[in-house]
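Look for chain A in each of the two complexes below; its partner is chain B in the first and chain C in the second.
Up next, the complex of A and B:
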């Protein structure tokens, strides 16, 4: 306690330290604001899509329950037999009225329901503001592409390419890239400074363990950095209305805090190790900067190149072209089959068939093979992406910067693995949705109330509920081990070198 | 005197083996990165060329069908990349490489090169340009942070000053040495780039003089930027009480100017001028056509108008009596209508992008890195403006192709199915890479910022601090 008090007193007089903390606090607040404003946009979109899909569902429900028209309509210009404004409980403008009038015509037909504007989307995490993650590179919503499953994965995007080039400043980037620089500024001279000022002899003359004294100093200084970031983040979360009484959110925040502490301690351990070498403050700062360049710039870049080379993937938007190829192949095979069948037999066969049998054979020979083939292709593509993501996660052990970034991305629900998972689930939902209509009795062209009730509905789960706790544990453990190694080496070699 | 100081400074640098080693290693790294860039460019350019040839063949060998059906068969265009992509990929990796041309609707460009790539820490330095513009300043800082403060720390500053050299002369000599080093580091990769680039001009659709009119300003801008960093290092070093403080201040400036401010600028530009969602624009376009006429389809209205127009012209009472292929005339009217909607939306988007760009350009006064990125990508031909130039050329080609096909249908009253002669009447898409003049007006701002940065920091470095020792 005496040492703590003494260090605190010294620190209070250190104006540069407080200016550094103030700067860090300001930057953290700015980065949080950026993450939060993006999270706001995601939340607004979530709300909008929920409302839009609910209205669409209501429209289909009403159309299915409506007994005034037994068959699918042949005209799109006729008004629906229900008052849509009353149904949706809101006024509709001319364009919306026109749109719903057309949609009503699709809302009952068994083959036309998949043509309605269904969609899937990612629901935001409670800690979305922590990281932009992969949200700039992976879609967070898809428009379900009717019976074309591959086309679903070619969403048009619109963003300023200059921004993509420069990158975003979110909290995770601040912590991963800039926080170590703050630690370098604060701790590079925590021993060498005393040596250079000539006060080290005075310190050694005190009746206290040198290591204990220096460790106290290191911990006091680094705790200021950790507390600043944590306080700003917690205050930001409270001010933006995040429910911190929710146990799940609190657990996530706990993991974030632990990771932050471990990562900051890692850089403190580097400072501890470097200071144990008895070099000048300038050399310490240069060495720590070099270490930063290697761990934050060179290693991640090298690792990502190696992973990309070892786990090649094809872009999702090539799936649309792949689907065209699959359809063409199936069509060719069918034409070949028809060519081999004698014409008389084929004509007789056609005459024998009822309409129901014809629909049945069309679904069996066209739809189901096409859907199964493209589903297999999509599954394979996502498996490749998943193995790339797993390889990247495994590389977390090579750099603590990877581990902290990965943790923040996971907590915000914007990690690569979560983005892949969302896209994969979209593919699964689409396949299930189409299969539902394929399996209906073939004589009916409209769907019944029962069919409607069994119709698959996309329910987005909040991204933070799908977090892999195992991955988080591994990341925190990785950070702890990284922190321990330089610290222990430094502890062994820590000597009060006076010269 | 100058020569003596220059020799002394150079000798001092050579004595520092760590820094010399670092510089050599860095040059090797830049050259390796350039080699990778050239290989990527050659691979991409060859693939695009071969796909474009296939697409042309596909258009020419299509079956006999009506002209309008041929527009739905469509044409694929593959983007022509600038050879300087090898040096600065800019925005090109995130923008599309292919566009499908069909009637009624201009499709967006798809298949960007960066799809599926890994962004480990959202901190990319994988191109020679980024290495020189983002990482090299760190090396420049390490070269210069103790240039004056080191002498002060060692107590040799009074000795230097007592040798008769004026402060300004001493600083100018140091600046000259720094600039020589920068030039040496820049010269090797940029000379290689220019030499290699001149060999691929024909395939890239760019003239040698145009290529050089891009490489030379690119080199000069990078030199101005790096020179500014070296002057800032000298100025801070001569004012800081110790080398330690000088290094910390310079690191803070680097982080602020190269990472924090640029990212904040683009983020706030997005917040101030938000872009609409692409799907909203698509939907708006669709809905304007489908339900834009009193909640009903505009197409019905257009058909009525076209029929009315020609009925009046030919003085007949029914459209069936017209000696024309009315469907083709109607489709031409539809095309004009959809083109008009697209032009309106494109103009609106251009306005939004320009507003965002203006905001970023204003912020570049406090972060010259932003100005350099604008200039570097513009001179390399890898920014949004160059991408749009290609897209617009493709759009003009689409309109020409659709008009030619519809015009053929309009006079083809007996509806004979055309053959290869009609397909061959549409010339192949021949894209000439635009000259830098297309955005020179926009680039004056960043150029002035960079010049001000170079001169301002140079002046700051040559001014003697209040307390020299």
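Up next, the complex of A and C:
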């Protein structure tokens, strides 16, 4: 305690240290603000969409209930028979009116029904602001419904999620990439600086354990970094209304703090190791920066490339091309079928068949195979992404940067594995939804309220409830082991060089 | 208080110190004279266990330095040639910091001020940043640091080099004060005049060996210079 107090007094006079901390605090606040505002936009979009759907649900329910089948047919493709503005009790702009008109027609249409929610959004995690990187590269919502059965991916969203390793300035990027640089600035000369300044001789002539003194100095300096980041994050969470009394959120915050401490300690032990070599401060800074380049930039990019090479995913344009190809094949088959059928026979056939039977036949012969083909492609894409995710997890031990990045992504609900899990659950629900839809009588020109109410509704679990605690444990353990190795080497070989 | 027995220090094939036998009692100032590389600073570094001896033994207060490194430092005050302190701290804060490292408790503020008074550091300098201090002022703070842990022996490495005559004179007065307080002082120096003024015994070192030991009272300034030069030219 005596040493701690003395080191704290010494640090208090170090102006450069406080300027570094101030800069770190400002950057952390900026990164948090960016992450939070983006998470907020997603949450608001989700809430707005759900509210609109709820209103529409009521509207459709009432209209279907009140109208006879004949009236429904009459109003098909026309304006809804109710005053939407009066119903919603607010003025609607042109886009909203258009959208509700389309939805209304979907509600009355033969091949589709409105659904609540007909788009499903990944619910944000309570620590969403920690990371926004991967949500840029992976869809955060999926469309559910008869019209959307082939469209699992939102096209502009699909890209290589590994690019997110050095993505936008979110908290995970700040912590993974920039935090080590701050540790380098603060700790590269924590022993060599004393030697160069000449104070080391006087320190060593005191009857105090040099290792203990230097360890205390290191911990005091590094705790400022950890506290700055934690204080800004916790203050940010409180200011943005996160419920920190919730036990689950607190546990997540605890894991985040632990990972932050472990990652910062890793870089501190690198500082400890290079300082134990007895080199100059400049050499120490160069060595630590080289470590940073290798562990934070070169290794993650290298591993990403290797993993991407071994587990290739079908690029979006290829997937889209396949979809177009399948549709073209179906169109061709249909044209060929029509061409092979004699005109007179076709007329007879048409007369013989009811319109509904033809539709059933079309769905059976063309629509379902098409859907199955595209689903197979999408399944393959999922499998490839899943294997990528697994491979990345397996490579996580090769750099502490992976571990901290993965932890932030997991806690924020934006990890690749969580996105894949969400996609998988959505896919399962989609299949259930379609199976239910297939059972509905297609002869009916509309669907009854009872049918409508029987349709399954997707309820996504909040992203922070899908966290794999096992993965978090592995990440924290990885960080702890990474920290221990350079520290122990430095501890064993620590012999201050005076001259 | 300070003792070496057959002390040898080798750096590869170069012998820096050769079978040194030396004793400094309490209340005695032993001045080590010699050219650069004679082994004066090596001897001091061995007392502080900054370097390990190749053979032989070093004792401080009858404790073997290599075996009881930390305990022996409790008895030692060290004034290097260039006393470097933390420039961003004041003289008083530096004293507070270093004194707290050695003492089991943090010395009270008044006690620290009393120490600075004892080493004759001007009061208006106490709360000034050390970056503005002269070498002599920094030396005074270093002596205060040693006094704060009740050091019984002082190791002074070229303490008067680079000091102006006034500061040098003040330093000699401080050394005499320490001598009167029964401290054992080992001082490595080139300054024959100060050695004769402050020393009790004088030792001339050459190529790592103590070639001559004499009482300061037994020799005049001019004779000492002649003796020194003769040894250097041999």
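Keep this in mind: the second predicted complex is superposed on the first by the 338 of 499 C-alpha atoms of A that agree within 3 Å, B and C clash if a C-alpha of one lies under 4 Å from a C-alpha of the other, contacts with A are read in each partner's own complex, and residues count from 1 in each chain.
Basically, a residue touches a chain if its C-beta (ideal position, glycine included) is under 8 Å from a C-beta of that chain, and two chains touch if they have at least 3 such contacts.
Since we're looking at a predicted model, the values are computed, not measured.
Trainee: Given the touch rule stated above, what does A:173 touch, chain B (first), chain C (second), both, or neither?
Mentor: first
Trainee: Quick check on the superposed pair: does A:202 touch chain B, chain C, both, or neither? Answer first, second, both or neither.
Mentor: In the superposition, A:202 touches chain C alone.
Trainee: So in the superposed three-chain picture, is A:5 touching just chain B, just chain C, both, or none of them (first/second/both/neither)?
Mentor: Once the two structures are laid over each other on A, A:5 reaches chain C alone.
Trainee: Looking only at contacts as defined up top, I'd like to know whether chain B or chain C touches more of chain A.
Mentor: It is B that touches the greater number of chain A residues.
Trainee: With both complexes superposed on chain A, which partner does A:14 reach: first (chain B), second (chain C), both or neither?
Mentor: second
Trainee: Touching A:277 in the superposition: chain B (first), chain C (second), both, neither?
Mentor: neither
Trainee: Where does A:27 make contact in the superposed view: on chain B (first), on chain C (second), on both, or on neither?
Mentor: After superposition on chain A, A:27 lies in contact with chain B alone.
Trainee: Applying the document's definition of touch, where does A:285 land relative to chain B and chain C: first, second, both, or neither?
Mentor: So A:285 only meets chain B here.
Trainee: Please output the residues of chain C touching chain A within their complex, sorted ascending.
Mentor: Touch residues, chain C against chain A: 45, 48, 50, 70-74, 76-78, 80, 82-89, 93, 96-98, 100-102, 104-106, 142, 145, 149.
Trainee: For chain B, which residues are in contact with chain A within the complex?
Mentor: Residue list for chain B touching chain A: 90-91, 94-95, 108, 110-112, 114-126, 135, 138, 142, 146, 153, 243-244, 247-248, 251-252, 255, 259-260, 262-267, 269-271, 275-279, 281-282, 287-288, 290-292, 294-296, 349, 353, 356-357, 360, 370, 373-374, 377, 383-384, 387.
Trainee: State the interface residues of chain A toward chain C in the complex, per the touch definition above.
Mentor: 2-3, 5-6, 9-10, 13-15, 197-199, 201-209, 213, 498
Trainee: Show me the residue ranges of chain A that touch chain B in the complex, using the header's touch definition.
Mentor: These residues of chain A touch chain B: 23, 27, 30, 34, 37, 77, 94-95, 97-99, 101-102, 132, 134, 137, 143, 154-170, 172-173, 176-178, 181, 184-185, 188-189, 281-282, 285-286, 289, 293, 296-297, 300-301, 303-305, 307-308, 313-318, 385, 388, 392, 401-402, 405, 416.
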